[in-house]
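Presented below are the structures under discussion, each in the form of structure tokens.
Look for subunit A in each of the two complexes below; its partner is subunit B in the first and subunit C in the second.
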Partner chain A sequence: MKRQVPLILCFLFGVVMILTEFSPHAASQSVYNEIVNWTLIVWPFATVLAVATLVQTHWARIQRRSEHWQYSYVVFAGIIVMAAIGVPFGMKHPAFEWLFNNVQVPMGATMFSLLAFFIASAAFRAFRARNTEATLLLVTALIVMMGNVPVGDLVWNEVMAWSPWSDKVSEARQWILDNPNLSARRGIILGISLGGISQSIRIILGIERSYLSGGDA
Partner chain B sequence: MFEKLLNMNRQIVFILVVLAVIIPMLLNIRLPLAVSEPTQKLYDYIDELPSESTIMIAFDYGPSSFAEPEPMAEAVMKHCFDKGIKVVGLTLDPEAVTLADNVMQKIAEEKGAINGIDYVLLGYREGPIQVILGMGVEIASVFESDYTGTPLSDIPMMADITNYDQIDLLLDLAAGTSIDAWITFANTKYGLKIGAGVTGVIVSEMYPYLQTGQLVGLLSGFLGAAEYEKLIDTPGKGIAGINTVSFVHLLVVGLVVLGNIAFFIQQRKEQG
Partner chain C sequence: MEVFGIWIAAFLTLCIYSFLYRDNPFYRFAEHLFVGMTVGYGIARSIHQGFIPLAWTPLWAAIIGESPAGYFKLIPICIGLLFFARLSSRHSWLVSYPIAILIGFGSGAMIPNAFQAYIFEQTRGTIEPFGSIHAGTLSGWEIFEAVLMIVGVVCTLTYFFFSAEHRGPVKWISKVGIAFLMIGFGSAFGNTVMGRVALLIQRVDFLINDWIGSISALF
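This part shows the complex of A and B:
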């Protein structure tokens, strides 16, 4: 029963939502609108589950004294402080906004900024023209990087002044993005979409059951 | 010597990056800037909208990546307020609400725009796909009130806006995959026109949508923000940012070229 009911619900709602796509009839659209409203109500419960799982996981880490268990207290401190201000007083409360603007924003920006240092160091160490494929990748990356910034145009024009490609770095960058990049990306999108469709059909028909937890059994 | 160069301490690279960021900021260098076609298309689309049109801006980025999309938001909102276009803001990212509120208030104050008449921030709701689909049916069924708690029925500019039929453009300013969802569920299903402004790292993923016309235009990282600022003739964070990024790019290119020269000379020495 614990498996049959979700499987039947999944099949019914899956089929109904597909059918509403092919019927502009008012009744069909009304069913569609109603189901969309239900999903809006159902979704926040996923957040409640997510918070419960987060608390459970970090509580277990503290109890087991797992590696870096002390940081789990920081997670709890963050949740409790932000919730204690945000839930009763709202996100427009000055204390909530102060904590967000002066703690979360600088921390997030710092993490992202570190990438610049690691990318520069990694590019210097690892980007080597060791073979044909690596050389192609290297040349493409350098052209896109130069074409992406205004100073790239200036430097390219100076360095390549003797050649017929002296003012072509932006065009070359655009051609790379519009042709090889676009073709490869479209292939990826088609592959993902076909995979998504086949997986959806498997779920609706009850062939794929891993979402019920406990594997396909 | 070349072996030393190849094994250069990474702290030296870090110091060079710091200098490449700080020096252009101190010198306030202005570099010539050409406008790319995707930016021009977005600008033209917004510029051709009549006064009293409405565009929706989705602030789908968080504190870790706001440096690139925020200048885009500022430039586009300045353009909209100058033209009398109304702006509806929202986000699918819970971390972005305060960022969106900050930037909307800042530009509104600068341009004398009034909350509820010229712009409104709806805020955040759970479930990205459900929110996108739900607003196609009725915006008030997803956001019953705006970010300040005012019911949508009491907001003058929302009086004539029921769903996407009254929205002339959705501009998604994103640092992740939200654009795929907007295109799949808002553009394909409801025919909503979509433009995008994305961080540099994901811009290459947007080109298939640009070519098919599913995106009316595209802003690419700091470069896109700077180009838009040039088009509206209001230099801001985008132009300042692209100047700094330019020198970091130049440094990385220089390091890669230098590393490869040293690598080849070292290899020759070992072979001969």
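This part shows the complex of A and C:
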């Protein structure tokens, strides 16, 4: 019951998904859509469990009075405010939309924009043309960044005025993105896909079972 | 209310940027508030875009006798409820049932989708220009680009091929693969930096035009 049933369920759902994907018959497609809906129904329960774990963690922080424990109340306030408005009144409620547009979206954008500073300082420290590979990385990144903005065009035109490549940085950027960059990405995508497929087959056949116990059972 | 929203957004933006100086209570407040609100938003979204339309509405239709097929939704609801077995130490093993179903579903859906969207399409895109070479519609430069593409893909794949030892010709092919990978990573880095800078410009534009603009509008 503890090990065989999950393995059988995993096998059944995996095989049904493969077979229904390849069969265009209406009955097969309705089974496919039903299973997709089932997983979409199951996910919210997993979300609730994840929230329960988060609440447990922060509650333990408050009880233990660990460092910065006061901020756990801020987490609770955020969860309660959004859920108390969003769950009973829906996501179209003006108060929910106001909070989303004036609190959550600005904070999300600012958090991501903060990375601009860290990525720039990390690049300043890490980008050294020590060997051919590092030089390729550095030159490509510079051309892509300069080709993206008008000021990059201006700098390039001033620096490369003597060469036949002046006024060509945008074209150079696009050529890099469309050719050597795309071929590398295709290689990575093909490698990841083949690895993902082989791993999926191992999971469906029950060879890979680490998801059942956290170890290689 | 609009001006109040701008002030709240500006305060939280400045709280987060204060981290550029060093970690401080304002940043920690905004960081924890962001986590909480994102989780709250996720709860509302999973209920209103997942559970209610896909489970509750059909089940309610079955209860009031409109569509008995809605009773089938009890199966995924029961599977989902098994997640809460994690909260009981005696029955925590039951959580492996929904996990196995979701992993089986994900693995089964991944195989045909990866073949279709990635392997077939990417391979087709790589070798398709060679059909035009035969038709004589490609210029010399375009032929060079087509050859460069296939060389890049083969060399990159060789670099990730660990079943053969990287010695002799394989070593040199994988070295060319590393060069292509470095160009790929450089492009990805350049694009990421520009994306983040665009966000930064948008936030600074908000602070200068919307927030400071709202102050000047008061007087």
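Here is the rule we go by: the second predicted complex is superposed on the first by the 198 of 217 C-alpha atoms of A that agree within 3 Å, B and C clash if a C-alpha of one lies under 4 Å from a C-alpha of the other, contacts with A are read in each partner's own complex, and residues count from 1 in each chain.
In the analysis below, a residue touches a chain if its C-beta (ideal position, glycine included) is under 8 Å from a C-beta of that chain, and two chains touch if they have at least 3 such contacts.
Keep in mind the model is a prediction, meaning the values are calculated, not measured.
*Asks:* May I ask you to decide whether A:Asn101 touches subunit B, subunit C, both, or neither, giving the answer as first, second, both or neither?
*Replies:* In the superposition, A:Asn101 contacts both subunit B and subunit C.
*Asks:* Applying the document's definition of touch, where does A:Phe11 land relative to subunit B and subunit C: first, second, both, or neither?
*Replies:* second
*Asks:* In this superposition, which partner touches a larger number of subunit A residues, subunit B or subunit C?
*Replies:* The partner making contact with more of subunit A's residues is C.
*Asks:* For A:Leu154, using the defined touch cut-off, is the partner it touches subunit B, subunit C, both, or neither? Pick first, second, both or neither.
*Replies:* first
*Asks:* Can A:Val51 be said to touch subunit B (first), subunit C (second), both, or neither?
*Replies:* A:Val51 contacts subunit C only, not subunit B.
*Asks:* Once chain A of both complexes is superposed, is A:Tyr211 in touch with subunit B (first), subunit C (second), both, or neither?
*Replies:* After superposing on A, A:Tyr211 lies in contact with subunit C but is clear of subunit B.
*Asks:* Under the stated touch criterion, which partner chain does A:Ile119 make contact with: subunit B (first), subunit C (second), both, or neither?
*Replies:* It touches subunit B and subunit C both.
*Asks:* Does subunit B (first) or subunit C (second) touch A:Ala129, or do both, or does neither?
*Replies:* It touches subunit B, and subunit C stays clear.
*Asks:* In the superposed arrangement, does A:Ala26 touch subunit B (first), subunit C (second), both or neither?
*Replies:* Touch status of A:Ala26: no partner.
*Asks:* Across the two complexes, what residues of subunit A are contacted by subunit B and by subunit C?
*Replies:* Common interface on subunit A, subunit B vs subunit C: 37, 39-40, 43-44, 46-47, 90-91, 96, 100-101, 104, 106-109, 111-112, 116-117, 119-120, 123, 138, 142, 145, 148-149, 177, 181-182, 185-186, 189.
*Asks:* Of all residues in subunit A, which touch subunit B in the complex?
*Replies:* 33, 36-37, 39-40, 43-44, 46-47, 90-92, 96-97, 100-101, 104-109, 111-112, 116-117, 119-121, 123-125, 127-129, 138, 142, 145-146, 148-155, 170, 174, 177-178, 181-182, 185-186, 189
*Asks:* What residues of subunit C sit close enough to touch subunit A in their complex?
*Replies:* Those in contact with subunit A are residues 1, 5-6, 8-9, 12-13, 16-17, 19-20, 28-51, 54-55, 72-73, 75-77, 79-81, 83-84, 86-87, 93, 96-115, 118-119, 122-123, 125-126, 145, 148-157, 159-160, 177-194, 196-197, 199-200, 202-203, 206.
*Asks:* Enumerate the contact residues on subunit B facing subunit A in the complex.
*Replies:* Answer in residue numbers: 8, 10, 13-14, 16-17, 21, 31-34, 36-37, 62-67, 95, 97-99, 101-102, 125-127, 130-131, 133-134, 137, 141-142, 147-149, 200, 203-205, 207-208, 211, 220-221, 223, 226, 242-243, 245-253, 255-260, 263-264.
*Asks:* Using the touch rule from the top, collect the residues of subunit A that touch subunit C in their complex.
*Replies:* Subunit A reaches subunit C through residues 2, 5-7, 9-18, 21-22, 34-35, 37-49, 51-52, 54, 68, 71-72, 74-83, 85-87, 90-91, 96, 98-104, 106-117, 119-120, 123, 132-134, 136-145, 148-149, 176-177, 179-194, 196-197, 199-201, 203-204, 211-212.
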